[in-house]
């Protein structure tokens, strides 16, 4: 489904990704964990080409994402085509504030996929129903709570019928009590067989939902495996140290 | 102290001048809006040539007086064989002038839209042009509106300079009437009143638009 | 060629400031009128076209002619060597002269009393140059119009100003301006109708029209109506 | 096409005009800054009388042309027995004018400082006056600086209007020279150049200040 | 030390505090917990008169805070005097961005208490030492991590030598890994005998550090008592329900 091969990313002198190989199978849920600044977001953004990888290849359903030597126009079209297949959910929601919930969800289906409006609305309503936001279809984003916003953002991504969903700390801007509803939505999605890459600080969630956990530190994969393995008996010292801050007392 | 009889008699003529002021303002406003949005987009474009052209336009306009710009358009262009007539010279000069200020206001609006909006749009497969049109600009306009409103109000008052290129707008009407009546205070007070009406009305309309655009 | 263009258009445009009564100004119906206007219209009529006055700022009046924004300047412009370098003039159509005006209770009695005084002139006129060259130690202030200078004389910010004799005299007569004439004419000026250089046909046509008007009494009628004298 | 000989010969005169322009600008700028900050604070004050006085000042200035304001100060005040002379009339008129625009820029800066700053200050026992002076204003000024910079640049160009009250600044110098040389393009180009120098220099200085104020 | 008696607060029609009585003894640490919107922040802000109570009295060390009928000027002086005795730490830190760490800390001692600058600096350095921020004394706030910012904010409040400290969700704007350092600082403070009212979502912290836990919902005190009691066997149904979201799995 998604293959990353020898992925490197520099910001100036700073090598943020130092050769990452991950391959994600259909319907697999991969949780990416790691300390702040380790490159998790950068990794996810590369999959969507929001960042240009400095080196290495990314394949989405077998198609090379970062082809070289295409003309700018053509490459943009190629990117946009692939991006419609990859849904992304951001920490900061990034809903379109000047549009209602429904308009947010149908925006890309209508203007990118050129779906007829009626049809897009019908599909959107189904998806909003699924994430429990149908009753808010005509509300503007600013009137929603954080948890509701994030569920709309997920609906917006789902409306493009993506083959894979990327989540970048989708819950860390939320109040503790609102986190649950978003994690619930993500869990449902996983159960339905969506392919997902999830960057998260919610260890409980990773433990319960992920098929595989990847621990990244300083731009390298330190360790990966089944969640039971990683959380219970990690091989690497660095992993233990990181998980320690989450396990002991109140993280003091 | 003021000669009210004179004021009552001459008020209709000043009103006539105000109508021309309004007409020029409206044309210049629309054209200047188009110039502004174009220059703002060019200044943010990836092409360094377009970017520096827009930058030069904004710099040269903002650093020289409108009066000089009007003179060069009205007296200078005919020497190159382009004669726009005084009305359109005035409109063009004012529009080019306000356009540069609008460009900065709109550019400020665009860069104030959080970068997450563009990223979210791109990640949905939107082209950057589509994202600009559907997502970024509507939000940028709302941010820029107060600045644009300021520019509009300054434009209305700056129309007084087109009197130097033979257009008998409000200020020149007042000055002409001063020339024959020798009553400068009365005439200028009436002119000031009419400018205040025009600008206050504009402010009110803009306030409405701002409320409408709120989301 | 100028004259043919004018005939083809059927219209002759001539510019003036509209702020120089009684020569050109707006009346109480807000239309431009005055001595210059009627002369300009009469000239146009004799050429066989309609005359149309255009008001513009004095600062840009010559630039406008050079840029062909109108055909003539018929706005009380004095014929000077300087101006002749860049534009052409018809024969003079009236004479007047530079005159000193002071407040009616001022103790200035002649041009000799002006040394070291504050003197007003209107911007871009021939008076400024004359005062600069002929009155020692004068402090010159420039204004956009005669009404400003009348106000300034009344408040004492200037001691006197120099302008056209007829203009000042009419302000005293018609507007009760608290002024008096000081001494005689400083020098005589002959006003011409200005046009672009290199237009002999137009120039001849204008000159012929002026001469005809002077001969058949039209000129005198206009002059008496606006100025109360025959100003030729 | 351009007459370079004339330009070289007359440039020093224009430079002299530019010096007066600069002098007026600097005075008006300082005074206008004081007016601006005072009006901004008054408009945010709790006293409704002070607040509406400041509001009226800002409204009346922004809705009438500077030309009329200058005229009323220079020709009108003496009739009430107050004679400031042309230089100080010009400075006062320009300062009152830019002051109103500055007030809005500074007020915008003040209300852009997050309310947490005032709360934190008050919770430390600071009086609201002390908090305004030490905490809010320094941050507000930084936010307002780009707008203030715009106002400064507009001020420099607006000084051309003081020519109507007998001050021989840059534009009037150019116009006088046009009156004697009949070379409008050459003169206006040189004037435009000098304005561009003044405004660009101002921009550069402001850019420096902005960098200095960055924290 | 602090007494609140029958405290009511309306925002328009909305009665946010509906008669609160709390009294805090010297050196006592009171944790206030409750759902979002229940009025916790409002309560804390009333203690500092950042909000004006609609009804009821607040006494700080026996002095009535919200006296009526004083002239405006005089009342302001009275407030400022009491406020110097009450330190407050906000969720959003609210450091002064145009001042260095040291300048932030000495600002109020120098300009409010009129301490000589030298002396204030010396005191400030000691406090910064205590919160582990001395080495950053000349840094500007924007160069600090969230946890560092919050520790400076605490130092700034401590520099006024307050008798009581108020914390309003001091850690909820922090990344999970930075929470620990701030909680540590707060725990140290409690151990030294500082009187504290702490609004928090960190149940572990409340359990370990607080002498008493107050649970508020919809503007009323539902239940209060020793942490062992409240967390282990709350009397009220509402308390159980609230704590349930924090105890079960990943809060789903």
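Side notes on the structure shown:
Order of writing sets the labels: A, B, C, D and E. Residues in every chain begin at 1.
We take it that a contact is a pair of C-beta atoms (placed from the backbone, for glycine too) under 8 Å apart; a residue touches a chain by one contact, two chains touch by 3 or more.
Since this is a predicted model, take the numbers as computed values, not measurements.
Contacts with chain A and chain C are shared by B. Of the two chain pairs examined here, B-C and C-D, it is B-C that is joined by more C-beta pairs in contact. Centroid distances from chain D, each centroid being the mean of CA atoms, peak for A. Averaged Cα coordinates give chain C a centre that lies 37 Å from the centre of chain D. The distance from the centre of chain C to the centre of chain E, with each centre set as the mean of the Cα atoms, comes to 82 Å.
Computed from the mean C-alpha positions, the centre of chain B lies at a distance of 20 Å from the centre of chain D. Separating the CA-averaged centres of chain A and chain D is a span of 51 Å.
Residue numbers of chain B whose C-beta contacts span two or more other chains: 71, 75-76, 184. Residue numbers of chain E whose C-beta contacts span two or more other chains: none are found.
Shared interface positions of chain C, i.e. residues touching 2 or more other chains, are given as 59-60, 63, 66, 144, 148, 151.
Shown are all chain pairs that touch, namely A-B, A-E, B-C, B-D, C-D, D-E.
Partner chain A is touched in their complex by these residues of chain E: 35-36, 172, 175-177, 179-180, 183-184, 187, 201-202, 204-205, 208, 245-246, 249-252. Residues of chain A touching chain B in their complex: 48, 50, 76, 80-81, 83-84, 86-88, 90, 92, 94-99, 107-108, 111-113, 140, 142, 153, 156-157, 160. Contact residues of chain C toward chain D in the complex are 59-60, 62-63, 66, 82-83, 85-87, 123-125, 128-129, 141-144, 148, 151-152, 155, 157. Within the complex, the chain D residues that touch chain B are 59-60, 62-68, 71-72, 75-76, 104, 150, 153-154, 157, 160, 171, 184-185, 188, 191-192, 195-196, 199-200, 203. Note for the complex: chain B touches chain C at residues 9-10, 13, 16, 71, 74-76, 78-79, 83, 86, 163-166, 168, 172-173, 175-180, 182, 184.
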